[in-house]
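My questions all concern the structure below.
Naming follows writing order (A, B and C), and every chain is counted from residue 1.
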Amino acid sequence: MTALAAQVEALLFLAPEPVTVEELADALQTGEEAVRDALEDLAGALEGRGVVLREVAGGWALASHPDAEEAARRLLARPRTSALTAAQAETLAIVGYLQPVSRPEVARIRGVASESATAALVERGLIEESGRSQFGAVLYRTTPLFLKLFGLRSLDDLPDPAQWDPSPEDESALRDRLLRAGEQRAG
Amino acid sequence: MATVAHRLELDLDVFAGPFDLLLSLVLREELDLLEVELAEIVLAYVDHLEAEGELDLEAATEFLVLIAALLELKSRLMLPGEELPDDLDALAPAEAAEELLERLLQYARFRGAGGWMAAAHAAGQAYLHRSAPLPPGLRRVSVEVAERAYDPDVLGAAVGSLLRTPPPLDLRHIAAPRVSVAERLALLRSLLARGRFSFDEAVEGADRVTEAVTLFALLELYKRGEAAWEQAEPFGPITVHA
Amino acid sequence: MTALAAQVEALLFLAPEPVTVEELADALQTGEEAVRDALEDLAGALEGRGVVLREVAGGWALASHPDAEEAARRLLARPRTSALTAAQAETLAIVGYLQPVSRPEVARIRGVASESATAALVERGLIEESGRSQFGAVLYRTTPLFLKLFGLRSLDDLPDPAQWDPSPEDESALRDRLLRAGEQRAG
């Protein structure tokens, strides 16, 4: 395999969309003829491999071989259930109990910015956006996948936090108490 | 990042230049911290704040941490072993030096490791990973096939612990100022009002910090011309008079 | 190249994050030994190609070859992220070696407040929260992304930090200077 073909392979590996011969030539600072030769070289080298070269929508792209589809579904098309980080658990608990709730509110309660935890929970499909607050902040709520992964029939099945709370109060005051504790924590 | 240490220009008796240079000179022992008037640095910072017109909280925090570290260092140099019983006094300077050395060595280690981190970060950028979306067939996670994977108690415990106010910081290990210059000034003036007295009398039964503060108060009286003293020989008794 | 190695290649091509041997074995419904053999086979087949096999963050991932970096950044218009500042590098080193560690602890070692460096490292995804200290301060640890970007299999791959300690001569010279300073004060 030529060095140019290897570079073409690298570019197609990285590109999320099909890439035209012209774009490849520009990126590699070479001629289109050389790129076409390299593509032919690459197609030959990929015989019998797990990745195939395809010409689609006027460009070139790498794709996984159809033989691997079943295994790919087993690996990827399932909810990610790795352990929640402490930040994610706190954030998810706040959204779970207080929904809908905005990110600034989560940050006030936790006493630290909670952007990456929120993003990770959205990415895992545990929470989702649900409109905006009167101040324009995005509001979050839990998803049906959340209920399924926690084995809950409905949000009413969430455990009573009084169990872990040394001084239980009326449940309706939960938000106020969390905000007060958060302010003391930040102070 | 233009930090306050970088921007704060100082003009002291022993040093003129930015605060961060002063810090590095002190840490490299090229400037004797005992000769640096820390109060002047604080005054310069207050002037600097006035000139800025607004309080940058982060910069203020940074300054406080830096000046507190310098104060701690300087007070250790001035009052070696003040928290130690008398019979351990002789060890105190060595211990203070050991602790300072420990911190310098620890910092040297992490500064070196930081250099490695920066180089590894740059080297790692040569490898690019794919970030293409999954093919449509693999994209949807089906809620139906999802199985219970987490215990809801995790959520109850997380929210419950947020309701708790963290315990107040325990600052007992930091020695509180037990005595003020004003107090000792008042005492010295009352003794002076009775005529001559010996310094030992003024600090009878007092701890080392009180002794030091009393001496400082005495210097203050001398500066104001309210008192003078005599000492016939080193370590001999000191007699104070108006 | 074996059919199994081709399937492993396809899975690693699709997976957005490093995949463990165990996950590969589950997806391919085979044993871990067979997967390890397939990975070796794949690594050999990728010699001289535009894509390399890397063991990072506890799993295996494909990445583009460093030779293609320049062309790739031109094609994707993705410039290198800015270098770590000295403050960020030192903070990352402290978190890397001492994790979990709180911000006040980092500040104590560095001798300066390290808030913006910590925030920048969180923003870059290199460190994340990991619970709270007994005083309620947020603790930090490094992320899987840190291992991936730094090409480390695990934290055990971090070099021995003792190599950056000052030499015994430097140390004793420093000790002498400090002791002399202390004795002058005492005398």
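General remarks:
Note that a residue touches a chain if its C-beta (ideal position, glycine included) is under 8 Å from a C-beta of that chain, and two chains touch if they have at least 3 such contacts.
Just so it is clear, the structure is predicted and the values come from calculations on it, not from any experiment.
Set side by side, B-C and A-B show the greater C-beta contact count at B-C.
Centroid distances built from C-alpha atoms place A farthest away from chain B. The most central chain, judged by C-alpha centres against the centre of all protein C-alpha atoms, is C.
Inter-chain spacing, taken between the CA centroids of chain A and chain C, is 21 Å.
The centroid of the Cα atoms in chain B and the matching centroid in chain C are 32 Å apart. Centroids built from CA atoms put chain B at 43 Å from chain A. Shared contact sites, meaning residues of chain B that touch two or more other chains, fall at 128, 130-131, 134-135, 138, 166.
Residue positions 10, 13-15, 64, 72, 76, 86, 185 of chain A each touch two or more of the other chains.
Across the complex, chain B is touched by residues 13-14, 16, 52, 54, 61-64, 66, 68-69, 72, 76, 78, 80-81, 83-87, 89-94, 96-97, 107, 109-113, 115-116, 132, 134-136, 148-151, 159, 161-166, 171, 174-175, 177-179, 181-183, 185-186 of chain C.
Against chain A, the residues of chain C that register as touching in their complex are 1, 3, 5-11, 13-15, 19, 23-24, 26-29, 45, 48-51, 62, 64-65, 67-68, 71-72, 74-76, 119, 122, 125, 128-132, 136, 138.
Note for the complex: chain B touches chain A at residues 128, 130-135, 137-143, 145-166.
Looking at the complex, you find that chain B touches chain C at residues 1, 3, 5, 27, 29, 32, 34, 58, 61-62, 65-66, 69, 77-78, 80, 90, 92-94, 96-98, 100-101, 103-118, 120-131, 134-135, 138, 166-167, 169.
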